[in-house]
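The same chain A turns up in both complexes below, where it pairs with chain B and then with chain C.
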Partner chain A sequence: MTTPAPSPSRSSSSSPAGQQSLTWFALPALIFVVIFGVVPLVGIVALSFTTWDGIGSVSANGLSNWKDVITDPGMPKALWVTFLVMALSWLVQTPMSLLIGVFLAGHQRYRALLAVIYFVPLLLSSAAIAITWKALLDPNFGLGTGLGIGLLNQDWLGKGPLALSIVIFIVAWQFVPFHSLIYQGGVRQIPASLYEAAQLDGAGRIRQFFSITLPQLKFTIITSSTLMVVGSLTFFDLIFVLTAGGPGDATRVLALDMYIRGFRGNLMGPASVIAVILVLVGLSLALLLRRLGGTNNNESMLEGA
Partner chain B sequence: MSPTTTAPAPGTTPPTATQQHNDHTTNRLRRLGRLRQVNWAGASAAWFWLLVVALPLYWIVATSFKEQASYFGSNPLSPPSSPTLENYRLVIESDFVRYFINSTIVALGTVVPAVLVSFMAAFAIVRDGSNRFLRATNGLFLAGLAIPLQATIIPVYLIIIRLHLYDSLLAIILPSIAFAIPLSVLVLSNFIRDVPKELFESMRLDGCTDWMTMWRLAFPLVRPALVTVSIYNGLTVWNGFLLPLVLTQSPTQRTLPLALWTFQGQYGVNVPAVLASVVLTTVPILVLYALGRRQMLSGLTAGIGK
Partner chain C sequence: MAGEPAPSPEVNVDRRTLFARSAEAARPGAAGAAVPGLSRRRVLGLMAGIPLAGLSLAACGSAGPGSSSASTGATYWSLTGQPQEGIRQATVERFNAANPDSTIATTVFQNDAYKTKIKTALGAGEAPTIIYGWGGGGLRTYVQADQVEDLTDWFAQDPQLKDRLFASSFAAATVDQKIYAVPCEAVAPIVLFYNKALFAKVGVQPPKTWDEVLALVPAFNSQGIAPFSLGGQSRWTNMMWLEFLFDRIGGPELFESIYAGNKDAWNAPASLQALSEVQKLVKANGFIKGFSSITADSNADQALLYSDKAAMMLHGAWTYAQMKDSAPDFVAKDLGFVNFPTVTGGKGDPSNTVGNPGQYLSISAKASDTEKDVAKKFLSTTLLDTTEQKAWIDSGNIPVVNGSDSLIGDSPDAAWLQFVYQTSSQASTFVQSWDQALSPASAEVLLDNIAKLFQLSISPEQFATSMNAVLGQ
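After this line comes the complex of A and B, so read on.
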């Protein structure tokens, strides 16, 4: 984050004629963001060069945290798991949300009912969702045992690849409705005349989808993908409650790695290194996706839909 | 290729469709025409996903009314044969009233100040757009949107300790306010920008100060956006987990998501009771959802267009 710090320009020449500077209206918000946003951001960089156990005093130790973390095989593993969660959850959610979003943009009779139920997962806390699925998937008293269906009766969270797939499935369970809603809004803004022209040209349904709907949704797809990708860096609570990073380190994403090193292992220095990496990954992804978005969203990554 | 064509294009219009839709506006006709064709792929995806979403939800509610003994060995999807409130009693006796109050304090204590200071900042940013300091402030808020805030938790923890706020509700509230500001300012400034300039001008001619204009003109006019932003932030804070986990310690300061987690650790085997705790912590949100679904949905997509 760049923090340009120009001195408060109280000169009325820069304000509309006859109007006083409104700078101080923004000060309360600015103070909060500086104390709990800017200072911590500088803080993680500073702390990454120190030793701190979370209780005692902080002392500088140069580059040793960085050396430790970079040579620790756990770090690339966490980076890889984070990437897997990000890529796979994007791959699962995007086609599903697109399909449902296009469908919801129509005027089917049951659409309202569908919409009411779809959004309930968005209201639940990640902790509640994780707890529910943990109980539901329990090999001893979960759904599989109760129904007596062998296929469902597995140690879902006990095996690495399986646990990772479950995390991705639950993320989709939580967020597919949200992204469907974004796509629904996007589809509704496509001019009907485009479809009419295509039909006159004899384009079929599938052709229309790929030649009109998808290109017209370009900015919606970028918005939704940005939220998915940057959001996937913050799946801390879900994974923490569901698997705590396990089995082993199969689901130990960066955010979890940071927490476990810092608050469980009392190694705040190395944890800060992970935090710096997390911020860098998040920022570069946001910038990359914004570049893909072209000139449409010049204000923020959340606009443009 | 499809049974019905869309627009009444000359020469190709099927007579039945034209008669049927004579009374509708062209726009409506077009929309109906386009959507008459059943989107089978979309429909199957939507209904399949409904099942995926609804089944666990049904299971949560149904199971929360079952006795622990009858839960084992019975079909988990069957409705409770003899519904009981025993699980709910256990949850409430486990101090959930206190956690509920804590969560309410944290949510209100965050949302009200966060929305007010964000509104003030948004007003200044829109009304004094040529001010370089305010432009830089706005840039800072926008940059904040791209940062995964969890990453800053370690210094936040250090700051909270130094402020002697560790293990208090204020420790959760203060950073939550800061984290809520960037998106709130973005959404609110988009709305304030839409207020016609003439209104501000006439307020000024009437001798109103900027302060009065802000509260008497802008505040009521952007009320829908204020509600939207409050709901979004309220939900985020109500469901927040990391800040309470890191910044508090004692059970008396516990908020609901954290309480759910510890309750599950304690009663993990008692599935019906665990699910009753899930239901109880979600009820206030569901009530809000039932009361203002539209507001809530726009709140959930706050910042994505408007």
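After this line comes the complex of A and C, so read on.
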């Protein structure tokens, strides 16, 4: 039985001529990456070894920014919050998106209508979502007062763990539709013959899900997880508008810490240090997830179609 | 079955997001490095634009310094936003009409854009002759870079010039005993607002001492009314409480020693007492439930006061006009206002107040002598003349001029205007808002720690320790 994923024949057997033209196709993208990705990256690495208040002259100060940032008592907290947002977002979003994706790939009634409703949050900007939720969560003029349900009048954004949970909830609300879309695509790639065979062997729906759907979605799960994990490293807009990192520093993730240091405190050097750390952590996480999925998952995913 | 081209978009999305992420992370520092002023401001605008939407006027950073008038006149940069912009412009036009051969060219910027633009221009030696500012920590950085003119002698030559302005407004214009700016425009003290209807309902009087404040808390709580409204998420709202308590308990010298960066200044007994007094109020449920979720930008804290949910609110004088806009009946009938209560045994003068003692105009040290002369002429003649004072009064503000109360007349807001005038002009010390007085870096640490203090997640001693670490930065 051939699975849709590992069939390395087509893309790896391209001729040298084909490869040459592919290189030319990559050039525009490469130029963009260099100008907007690599050059600024080199810039912040350089800035991280300097003192700059954003106005005056830039002066080198060696490793002192790095020492300051690494020994800053707020730093472990920011790292921990970033990790929590990443891990909890993944834990909350993956099962939900998987189930919704599988459901959407099926043929139930009203599926198309429900799909449209699920995707609404995906159409809104993060800032708009944050402003809306902030208004709904207002402890005095919010959802609880509007609906007359006292239970909903909590200090949602004013207590550390509660505020963090709210952030994770809203992030999930926003991004579950997107990941469901990815899973829906993945599920539709699974050949129907697999399910027919399983049915003949007497497997029930649940057994089919765990023995066929889930293993077949391995690469989809890795793709979706990479997006979630790396994306959650740089959550900024939503948290900035919703809590501004508060209460205290309960939701101050690294990306927000970087902004606050750089643009509020006029400390561009330490902000650049955090930016470099973010880049390094993000790249290593992406590489790690890639390794988990085997070396050539990219090619094999393309082969499914 | 497997006919839909799902996987290919998947991979594309992956790549694009990775790329976008690294570019995002790289943006602030590197963009600024290439073209400092422009890119930084653009990025700042993009990132901060939405939450700061209160400053609604579009940015219009049109031209640089008015080069045409470089030889015969001066340049003056200030801010957009009515009514201030109109009042400023009218004043300059009157000066130009009176002095046709030495005129002033104005350029206006949106508030946040200006803050970046002026720093860049100063660094590049392209600053205007007249520099608009807020005094305090910002002015100090200009002074340290030798960018602004020392005006001490100029004021000494013409004592009348200094005497006619509020004495309290000069503290934020003074760096190391020298005056570097002329106070101008309007004064905005922090005031204790209260809801008269709720006070009548509970049968109590507005507090005159801190003990009365603490006694009022259970009185209101037992009636299901929050004693104090507070937009705690904005952090500087909490700071106003500390500004007053530090002053009332330790006197103005307490914050002066912090401002001067004296070692362990935050550990002074009066400082620790003020910090624990405010925690006492938090623990007694003095602030409305959920105050840490409320922001001042949405004016929800004001709404709590005028919708009878909270009895009192400590806030800036600028909220008067905003409340008048949202709840005119309440402001006309039920809004009361007093200065902050005294603390028994405290060293601070009960007349002291805190807030924004004024706006400030400095003269660029890099300007030519002709330009400086024109600027000085403007500052000493037309600025804050009777016509401009009247315009400020009509807009509901008190200009920083002694005797400007005589212009209040029969304004519908006369009671309020008189109160602001009395509070500001009679204050023996007018403490500038801490976040403006301190350097940007330590102001950020301060606001952070204040939020934690109000959360009760750090003790006064821990607060003092973290703040001592950034003293003098």
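Definition applied: the second predicted complex is superposed on the first by the 260 of 305 C-alpha atoms of A that agree within 3 Å, B and C clash if a C-alpha of one lies under 4 Å from a C-alpha of the other, contacts with A are read in each partner's own complex, and residues count from 1 in each chain.
Everything below uses one rule, namely that a residue touches a chain if its C-beta (ideal position, glycine included) is under 8 Å from a C-beta of that chain, and two chains touch if they have at least 3 such contacts.
Please read these numbers as outputs of a predicted model, since none were measured by experiment.
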item: Partner chain in contact with A:157 - chain B first, chain C second, else both or neither; value: second
item: Touching partner for A:266 - first (chain B), second (chain C), both, neither; value: second
item: Partner chain(s) touched by A:139 [first = chain B, second = chain C, both, neither]; value: second
item: Contacts of A:204 with chain B and chain C, given as first, second, both or neither; value: first
item: Touched partner set for A:212, first chain B, second chain C, both or neither; value: neither
item: Comparison of chain B and chain C by chain A residues contacted; value: B
item: First, second, both or neither for A:196, with chain B first and chain C second; value: first
item: Contacts of A:177 with chain B and chain C, given as first, second, both or neither; value: first
item: Chain B versus chain C as contact partner of A:117, first or second or both or neither; value: first
item: Touched partner set for A:244, first chain B, second chain C, both or neither; value: second
item: Touching both chain C and chain B, counted on chain A across the two superposed complexes; value: 4, 33, 36-37, 39-44, 47, 52, 54, 58, 127, 131, 134-135, 138, 141, 182, 185, 192, 223, 227, 230, 233-234, 236, 240-241, 255, 258-259, 262-263, 268, 271-272, 275, 278-279, 282-283, 286, 301-302, 305
item: For the chain A and chain C complex, residues of the former touching the latter; value: 4, 33, 36-37, 39-44, 46-48, 52, 54-58, 73, 127, 131, 134-135, 137-141, 153-160, 182, 184-186, 188-192, 220, 223, 226-227, 230-231, 233-234, 236, 240-241, 243-244, 246-249, 255, 258-268, 271-272, 275, 278-279, 282-283, 286, 298, 301-302, 304-305
item: Chain B residues within the chain A interface of the complex; value: 1-2, 5-7, 9, 12, 27, 30-32, 34-35, 37, 39, 41-43, 45-47, 49-50, 52-54, 56-57, 59-60, 71-72, 74-77, 117-118, 120-121, 123-125, 127-128, 130-134, 136-137, 139-159, 174-175, 177-179, 181-183, 185-186, 204, 210, 214, 235, 238-242, 246, 256-258, 260-261, 264, 269, 271, 274-275, 278, 281-282, 285-286, 289, 293, 296-297, 300-301, 303-305
item: Chain A-facing residues of chain C, complex; value: 1-11, 13-14, 17-19, 21-34, 36, 40, 44, 47-48, 50-51, 116, 119-120, 122-123, 145, 232-233, 235, 288-295, 298, 300, 303-304, 309, 440-441, 443-445, 448, 451-452, 455, 457, 466
item: Residues of chain A touching chain B in the complex; value: 1-9, 14-16, 18-23, 25-26, 28-30, 32-33, 35-44, 47, 52, 54, 58, 96, 99-100, 102-104, 106-108, 114, 116-128, 131-136, 138, 141-143, 146-147, 173, 176-178, 181-182, 185, 192-193, 195-196, 199-200, 202, 204-205, 223, 227, 230, 233-234, 236-237, 240-241, 255, 258-259, 262-263, 268, 271-272, 275-276, 278-279, 282-283, 286-287, 299-303, 305
